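Next, two complexes with chain A in common: one pairs it with chain B, the other with chain C.
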Partner chain A sequence: MSLVGGFIRIVRQGFRVEFQEKERLLTPLFFAALMLLLFNFVLDEQAEAVQVKLFVAEIFLTMLFALHLCFSRIFEADAEDRAFEVLQTYSLHRLAWFAGKYCLAMIFGLLVIVPMILLSGLFHGQATLFLLYSPALWGVVVLMLAGLSALGVLLAAMMLKARGREVLFPLLYFPLAIPVLLAASEAVLGFISGSAAAWQWLGLLLGFDVIFITLSAVLFAELVGD
Partner chain B sequence: MLQISSLSFRYDHVELFQHLSFTVKPGEILHLRGSNGVGKSTLLAILAGLLSPSAGQVTWGKEEAGFPSLQRGEFFAYLAAEANGLYLQLNALSNLRFWSSLSSEPLAEETIRTALLRWGLASPLLQERLAVGFLSTGMRRRLALARVSLSPAPCWLLDEPIYGLDTRGVELFREALQNHVEQGGMAVVVSHDLVSLAGLTVRQYVLQDKWR
Partner chain C sequence: MQQRIGQGWTQCLGLLLYVLLLSLWGYALIGLGSEEHQGDVYRIIYMHVPAAFAAFMCSFVLFVASIYGLKRNKHGQAVLYGRAAAEVGLAFTLITLVTGSIWGKPTWGVWWTWDGRLTTTFILLLLYGGYLFLWSAVSDPVLRTKVCSILGLLIFADVPIIYKSVTWWRTLHQPPSLFQGGQGLIAGEFLSLLLGGIAGVSLLALWLIWQRGINLGLQKEIDTQLIKKSLRY
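Entry: the complex of A and B
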């Protein structure tokens, strides 16, 4: 089967399965909304300059946790009746398999992130409204998601046969995600303030993306066997 | 043809089996026997490519034996003992559609429906309305066997295939296996239940227990 054919089949299957079990998508959304509500309840009525920084801090922090929930379950349906193992025995191109799952992780990540950012913008009102129209913010968010999705897919696949994966996944995911998150939040703050350093942070973020995507694709193929 | 040459497998420092050699020819069923823990399921997992042997070789599908050069995933169709490899959220038809779409020869919808009918999963409720997660153990096993029987792979690797099946299910399994070998296919079957292969011409291969 061709690379593209395998990719399409994995993506299509992922959509079918995920939309049968909507709670996999709703859980991170609900969690993100709850977290934003708490942030805004506690950090109410701040100065306008602080509001922007708070907005950036809270969306990136919420994204980190919400995406963790999203990614850690990306292979759940495949693991339930060991469909993952049966998939390993088929002549499915390993890169197509990874790319399909990666694409699904990106899409579900966006489905969590977009409403979350809009909700956060609503909470902060006028002070941050301009950011919702900022291509820089959305561009950085997509780049961050690109790196984290690759990491999420790899770790979720690694954890499939691990004991105590609920504990092990965050132990690996959070330390590896922090550098991406730092680069992304610094890049956004830099773009808002017009600082030239924003481009350096963006370069760093791109570097992380390239490393995470390449390593994850290679290690995923090793993990599932050729 | 499937050929196993001097195959060994070890978990850490424990040698599970050593220097296994046998062949399975087209039209043949190999009944793999041995006591619990002797490594039968491990051997099937090695053949399916899920585990790597510590020594030895598995070769398959040589052109002179009548099969074109096939990749491992095209040559073997694998069924595990304790799981069926189904997507529990999807219905029976969607499951078979997906697995068929991954094979080298995706099947027409009608062929898949006919297979479901043959395996006793004919009702629209079972085929399309009910998620597989709601089916009984035996129904799921029938569906998993339907997946294997629809696969164009010449060699079936079946680990306790009749687990959970009722009498009719066992009969259907035997019919499917008989048809497969009559068409030049082959099978390696692990089963403690001798009923599963009753009436079929099989060759026995007993894995020796090193520990008891």
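Entry: the complex of A and C
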């Protein structure tokens, strides 16, 4: 099976499975909405300058938590009907398998993130609405998602046969994801304040993305190989 | 293997390292004079910096064991040394954080601050812990070798981020202060004692990894024998 053919089949199978059970996608979305609600309860009314910082902190943290739910279940359907073992014996290119799952993680991540950011902007009102039109914010969010998805796919594959993976996944995912989260949030804050450091943070974020995507693709091939 | 662990010279080596380190720390406490700016509190550097170095070095040992385990030794001993490195690394990372905190209170005025290097060392501690949890969560030995080796490589990839964090993040922590541009920044006697401490603690960490690796190998042999025995009945 060719690389592209394998990739298309993995993505198609993923879409079929995910949209068969709508709660797979809706659960992270509702979880994100719940987190926004809780954040707004805790943070309450703040000055306008603080509102912007809180908005950035809130969306990035909510993203991290909601994406963890998306990623940790990316191989769940494969594990349930033993498709994972069957795919291991197929002549499917390992890179196609990783790329397919990575693409699915990115798409489902975006489906959760975009409504969540819009909702958060709405909750904060006038102080943060201008940010929703900022290409910098959306660009950084996509770059952050690119790094986190690679890590999420690799960790989900690693945890597939681990006992207590519901606990173990966040235990490894959160500390490994912190550099990406930090670079992304600092870059956005830098762009908002017009600081030149924003570009450095953006470069750093790109660097982390390259490291995570390359490492994850190579290590995924090792993991599912003989 | 029993012979290897029981060999007297390995125990002598360990004892020698402990004696060497205790005398070095004793001299740092009693023999050296006070520092101009920090007074006596600076003496903790002889434990803090070598422990930090050993914690970082353990991630390198973990990396080597992981590469070897992944490529050449899927059923063997390599991954056991990886686990040993994670355990020893966890201990030294904890020592680094505790001694750093004790040093931070009189010099920075706080026990803890979310400074770049502190935060990332804390992340390293969590990752070593995560590695050990993952180890116990996977029961199939071949799969365990694979997933733990992969995590070992990911942890090692995190180490440069920790080291570079001083310059990347705004920080309270002083920049690397042993050498700059090939020149030593600390006075001769202090520097040689510090380098001696780093060498001593690093050797101790390697010795601990070695002993723990042998120990884990013995445990594996005992478990295998027990399973074989129970299958016979």
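Criterion: the second predicted complex is superposed on the first by the 225 of 226 C-alpha atoms of A that agree within 3 Å, B and C clash if a C-alpha of one lies under 4 Å from a C-alpha of the other, contacts with A are read in each partner's own complex, and residues count from 1 in each chain.
One rule holds in what follows: a residue touches a chain if its C-beta (ideal position, glycine included) is under 8 Å from a C-beta of that chain, and two chains touch if they have at least 3 such contacts.
All of these numbers come straight from a predicted model, not from anything done at the bench.
Once the two complexes are overlaid on the shared chain, A:17 sits against chain B while remaining clear of chain C.
In the superposed model, A:43 makes contact with neither chain B nor chain C. In the superposition on chain A, contact of A:119 is made with neither chain B nor chain C.
Applying the stated contact rule after C-alpha superposition, one finds that A:110 touches neither chain B nor chain C. Once chain A of one complex is fitted onto chain A of the other, the partner contacts of A:9 are limited to chain B, with no touch recorded for chain C.
Look at A:154: by the touch rule set out above, it reaches chain C but stays clear of chain B. With both structures placed on the common chain, the touch criterion links A:142 to neither chain B nor chain C.
Put simply, chain A touches chain C in their complex at residues 154, 158-159, 161-165, 168, 171-172, 175-176, 178-179, 182, 204, 211, 215, 219, 222-223. Those residues of chain A whose C-beta lies close enough to touch chain B in the complex are 1, 6, 9, 13, 16-17, 20-21, 77-78, 80-83, 85-92, 225. Residue ranges of chain C in contact with chain A, taken from their complex: 70, 119, 123, 126-127, 129-130, 133-134, 137-140, 143, 146-147, 150-151, 153-154, 157-158, 161, 168-169. Listed in rising order, the residues of chain B touching chain A in the complex are 48-50, 52, 71-74, 76-78, 80, 82-90, 94, 98-99, 101-104, 131-133, 140.
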